[in-house]
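Letters A, B, C and D mark the chains in the order given here, with residues in each chain numbered from 1 onward.
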Amino acid sequence: MNLALLVPLLPLLGFLITGLGYKKLKHNQAGIIASMLVALSFIVSVTLFFILKSSGKDSATVTLFNWINIGSLNIPFAFLIDHLSLTMMMIVTGIGTLIHIYSIGYMHGDERVNSFFAQMNLFTFSMLLLVMGSNYLVLFIGWEGVGLCSYLLIGFWYKNPAYNYAARKAFIMNRIGDLGFILGILLLFFTFKSVTFSEVFQQAGALQTGSTTITLITLLLLVGALGKSAQIPLYTWLPDAMAGPTPVSALIHAATMVTAGIYMIARSSILYNLAPVTLEVIVVIGLATAIFAAIIGLKQNDIKKVLAYSTVSQLGYMFLALGLGAYSTAVFHVTTHAFFKALLFLGAGSVIHAMGGEQDIRKMGGLKSKLPVTYLTFLAATLAISGIPPFSGFFSKDMILSKAFEQNPMLYALALGGALITCFYMFRLLYLVFFGENRTANVHPHESPKVMTVPLMILAVLSTLGGFLNIPALLGGKLGFSSYLDSAVTSKSGEEMNHTTEMGLIALSLVLLAIVIYWAYNTFVKKAEVPAGDEVQLPAFQKAVANKFYVDELYRAVFEKPLASLSVFLFKKVESLILDPAVNNIGRGTAVLGALTRKLQRGNISFYLFAMVAGILLFIVFILII
Amino acid sequence: MILLILLLIPFISGLAVAFFKGTQAARTFAVASAILNLVITIFVLVNPVSEGYSAEWIGFMNIQFNLATDGISLVMILLTNLLFPFVILAGWGRSQRNVPMLNSLILLTQAALNGVFMAQNAFLFYVFWELALIPVYFILLVWGGDDRKSITLRFFIYTLAGSLFLLFGIIYLYQLTPGSHTTDFSAFNQLQIPEQTQTWLFWILFVAFAIKMPVFPFHTWQPPTYKMASTQGAMILAGVMTKMGIYGALRFLFPIVPLGVQFWQPVVIILGLIGVIYASVIAFKHTNLKTMIAYSSMAHISLMAAAMFVANEYAVKGLLFQVMSHGITIAALFYLACLVKEKTGSTEFHQLGGLKNKAPIFAILFLIAVLGSIALPLTAGFVGEFLMIAGLFQQSFWYALFGGLTMILGAIYMLYAYQRVMLGGQKPVFEKVTDLNRLDYIILIPLLVLIIGLGVFPQPVFDMIKIAGSALTMAH
Amino acid sequence: MKDITSAIQIIPLEHYILLCVTLFSIGLLGILFRRNTIIILMSIELMLNSVNLLVAAFSAYHSDPAGQVFVFFIMIVAAAEVAVGLSILVMMKRNVDSVDINLLNRLKW
Amino acid sequence: MVFLFYLLSAVMVISGLFVVFSRSPINSVLSLIVCFIAMAGHYILLNSQFLAVVHLIVYTGAIMVLFLFVIMLLNLNRATIPQKTSMTRVAAVVAGGLFFLVMVAATRLTFEIHPRYPFSSKIGLVSEVGKALFHEFLLPFEVSSVLFISAMIGAMIFGKKDKESLPQPPPKEGA
């Protein structure tokens, strides 16, 4: 089991090699080294998977050293290998490898390519710490580490101030969540006297369901998850995070990092099961985010922004699943989402690459014939995300929907509505980019090199077939993925839906999806409508959607501006007008007092004598009185 | 005896170096002395000395010259002697006036600081406390930047005024001791002072420390002083001298006036938390790198003050750990700020930007120091702040929440600073800017390695302060 | 001689004190009242002597020769003081051609 | 003999007042001499012959003559010095009177009947004082000679008419 140490150490090694040797490494060397190490890490993860399987145990802990040990606070630097973390490890390293390889092609020729791969490797390392940590604090190390790497990589092209701003925004939004997270960890520690997963979960059973403490703990942890997984109200950083290179968006802001919140809640499933209030909050937030982000996605014209909002929306679905107590379903959706969203982003990257850096879908079109591989893979991913069988997204999304139906048909209706919107904007994107005429004359798109297309193909296969990991009973499967996770994640068992209803629901959603796709086809291919340019005045609602409901502006007005003016106020008024003068005036007062008493010292001896006599008199009187 | 050596090496070599003629000779000698002291300090850490050093001093007042160490002072001494070689090195290769005198003053400061942290006698403590101020005063006055005269004067008088209260407190305690009076800490600690007295005596003793730290609202001397100070001055002031306040408070308040501490605890914690938010918010809109670092230092110290008064095990250990980590981080930050100034001629944000284009390694090291300052996990700052917030949490959720805001606010202003200095397009003015040279590596790499190293392996420091923490919580 | 010593014992010590206080007050009054430096010097002598007398009286009433010695020392100091004081006076007269004490107001600082 | 005490006292007080209030310094000096002679009488009443003699020699003989010399040499007798303003004079009288009152009050308050020490007729004699002086107070006695020398040197330096070594007198003002 000590092999597990290699999993995070290999990317760390890669970080050190590419980071320290960044002046020496030439051309693609850094990319190759980084990719190889992550690939090795993936191989080790897979090996671990089989070792664990053959050992017959559910989990294993590997302790590295004692990190902090004070009083009852004992935090080992240890890794927990169980079914959940193995799943995440394989996703992170597997998808990570593909994206690393893809990046070799994508980042080819960038002057800071070595630095890029160093940061990517550091990210992989942090993400592995996050998913492998055996206690909340090691998880937190990774949690913040991925935040840092995301900061670095969003601002990778640091010469652009807007990118830097986006990077800072991402980091700070994450930090807001992190504060909640760390307070949650502390409350957890002071409740259970431990932050190690196994010990906490063991003791958690003693707590009453719905008690204040457990609700508070879960809510605080949830705040962290909201920040990291870009849920309302802390989601605005993720669309801006698209400032980074596209592979970064694929790896960090779609496939892995943003799912950390889902992982954390799934990991804490025992706690969350005890807090029904929190679960309800999660359902509300998840559903709201899913629909809200999907609506915004309808009107975005930047290819990466569309994908970003779709990510936010899909994360909302995962939260919905979590809130419904279907943790393994959520993780399953994480997995399939990782496949198809990574594919979408990489495909988008390929398109951008081909278009020479152009990201506006209004200026694309007709790329189907120019970029056949990209088109096909992109199509697979679009079908997957829309939930068309047998693509992977269908399985995971349908499971979430049916869980929602079990809980409340209303939830189901809303979730389905969100799914339809998703389907619409995804096909809108697909049609605008690949169908119709090329809308920019002087660009000559060309298919990306093999090093980029091969990962696309692999991911396309995964997106297509990934769903078969978890075939529902309805289709004669036995939920292999979910039951694999059951040892690590305690899902709430709802009553089994009868198959007829389920069948009906699937049929309903498929019909609706077909209508939506046709509608999109009608609008964007047949009528060849192109979204209006920025200068065109839109109707009020559409304008609001196009401007992302002005949430950024709202935040700026409510938080940023007041903080800035408070800062100025404190410095200009409190510091410079009250505190500083207060001190200076004490000094000045002394000087004034000196100037006053100086007048007494005017050198008149008879005055001195008077003063002396008066003093002696007072003195004697004083003695007499006392 | 070895403790006395720790004190005497910088003292004697400080006096000696003043008579050197050659610039480089003086610097080499000073660094050698500081490194020797560091080696001895490490030796002391590895082989703890149980008995201190004691000698007759002022016989008729029954005041002894006695030195000893415990966990708290070990941390402080280690920090002091760790930073001073770098402080002295920071002057290398730079044109400075009267180098022998400067190095002499730096070494004398070191001696006085060592004395403060080892004194077992309130009077001796006070003597060293004031003694440390004198060389620093001259370092600031002679080698400082713009407007140094008035700023230094204010700093000097401000701290001196605080010390006056301390002296009064010490004399008051002295005459309370039974029998032939004494100023030994051990005698002070055994005093049973009535609660009424403790409540006012607390402030008498605390004011000096509060000014030194500084705690809101006693901080107004600090930002201009740090801004004006030379690199070495700022490193000493921010790195070590602020810790004198913390050390003093730990040494005086908790054992001697525990009831006073109990009485004023909420007030001071809230003052500390106000300081955290106040300083962070001000830093947010500051336009000068050095002032911003000064406010960030104040924010961290305020959190430390709050944690100190929570006085549970986590808070105190976190505090002592943070003493180390903050000292190292802030020294590195000030050195980096000095490099910025050297390379560009300014620390005003509106004149800076895009340094990363020309000096990528500089930018990376700067970023690491910034990350240490904003308490990213696996840097030393995180361990300290996490434990302090844990301590605050044990007292009250709200304390922890407001203390924890430093995580967010710190990230806001420090990353803003990083962005304004390093990121952005290349400015034509900075065409000739070069990356770091070997000396910069010698100073920065060890400091940054320590920042990360302590973040990954904090346990040795905790083992070192194990004794201290238990003593404190007992006194409380 | 016997007469004197016995008579002394009839006079209460309080009367000596009153006398000396009176003389001292007269001297003080002189210092405050006059501007002529030489008169002020004389008033100082008067005050010194009033104290001398009191010390001598206490010494006699307490049978302690130390008091007598102190009177002697005070006289020495007084003599020295007068010597210096008068020379200052001479200087003053020579330099500012007056012995008005108010002209000495440059003694400040 | 008791009568003698009160007589001498009356002489002292009256001559003391003359010292303060007489217009001409010469009169003041002469009244002071009278006052001192009366004081010598008091010393004799206290059986302190040694002090009486020393007092006569030092004060009446030396110091007062010195005063006279100075007054005559500097021709100070023509009182050119204006009196103080009436306001300050009233203040001076009030202050002096207050002082007197307070002191009297103090003596009255602090009186206590303490046992009379056995009266020794001998302590004021020359031999007794001499013993005390040369045994217990030998060192102060010797040190006082240093004081004297320094006083003499000081007086001489002040009196030296070396204008160059002295700061120039500031321009005359007021007077």
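What we mean here is this: a contact is a pair of C-beta atoms (placed from the backbone, for glycine too) under 8 Å apart; a residue touches a chain by one contact, two chains touch by 3 or more.
Here the structure is a predicted model, which is why all the values come from computation and not from measurement.
Visitor: With contacts counted as defined, which of the two, C-D or A-C, has more C-beta pairs across the interface?
Guide: When A-C is set beside C-D, the one with more contacts is C-D.
Visitor: Go ahead and note the Å separation of the Cα centroids belonging to subunit C and subunit D.
Guide: Once rounded, the distance between the two centres reads 3 Å.
Visitor: With centres defined as the mean C-alpha position, give me the subunit B-subunit D separation in Å.
Guide: Computed from C-alpha means, the inter-chain centre distance equals 65 Å.
Visitor: Roughly how far is subunit A from subunit C, centre to centre by C-alpha average, rounded to an integer in Å?
Guide: That gives a centre separation of 96 Å.
Visitor: So the centre of each chain is just the mean of its C-alpha atoms; given that, what is the distance between subunit B and subunit C in Å?
Guide: 62
Visitor: Taking each residue of subunit B in turn, which ones touch at least two of the other chains?
Guide: Residues of subunit B never touch two or more of the other chains.
Visitor: Could you list which residues of subunit D touch at least two other chains?
Guide: Answer for subunit D, listing residues that touch two or more other chains: 84, 88, 91-92, 95-96, 99, 103.
Visitor: For subunit A, write out the residues touching at least two other chains, lowest number first.
Guide: 606, 610, 613
Visitor: Going by the touch definition at the top, which pairs of chains touch each other?
Guide: Chain pairs that touch: A-B, A-C, A-D, C-D.
Visitor: How about subunit B: which of its residues touch subunit A in the complex?
Guide: Those residues of subunit B that touch subunit A are 154, 157-158, 217, 219-221, 278, 281-286, 313-314, 317, 354, 356-357, 360, 371, 376-378, 382-383, 386-387, 389-390, 393-394, 397, 400-401, 404-405, 407-408, 411-412, 415-416, 419, 422-426, 456-459, 462, 469.
Visitor: Note which residues of subunit C are touching subunit A in the complex, please.
Guide: 28, 31-32, 35, 101-102, 104-109
Visitor: List the residues on subunit A that touch subunit B in their complex, please.
Guide: 65-71, 73, 115, 137, 140-141, 143-145, 148, 151, 155, 158-161, 164-165, 168, 171-172, 175-176, 178-179, 182-183, 186-187, 189-190, 563-564, 566-568, 570-571, 574-575, 579-580, 582-584, 587
Visitor: Which stretch or stretches of subunit D touch subunit A in the complex?
Guide: Listed in rising order, the residues are 84, 88, 91-92, 95-96, 98-99, 102-103, 105-106, 109.
Visitor: Give every residue of subunit A touching subunit D within the complex, in rising order.
Guide: 606, 610, 613-614, 616-617, 620-621, 623-624
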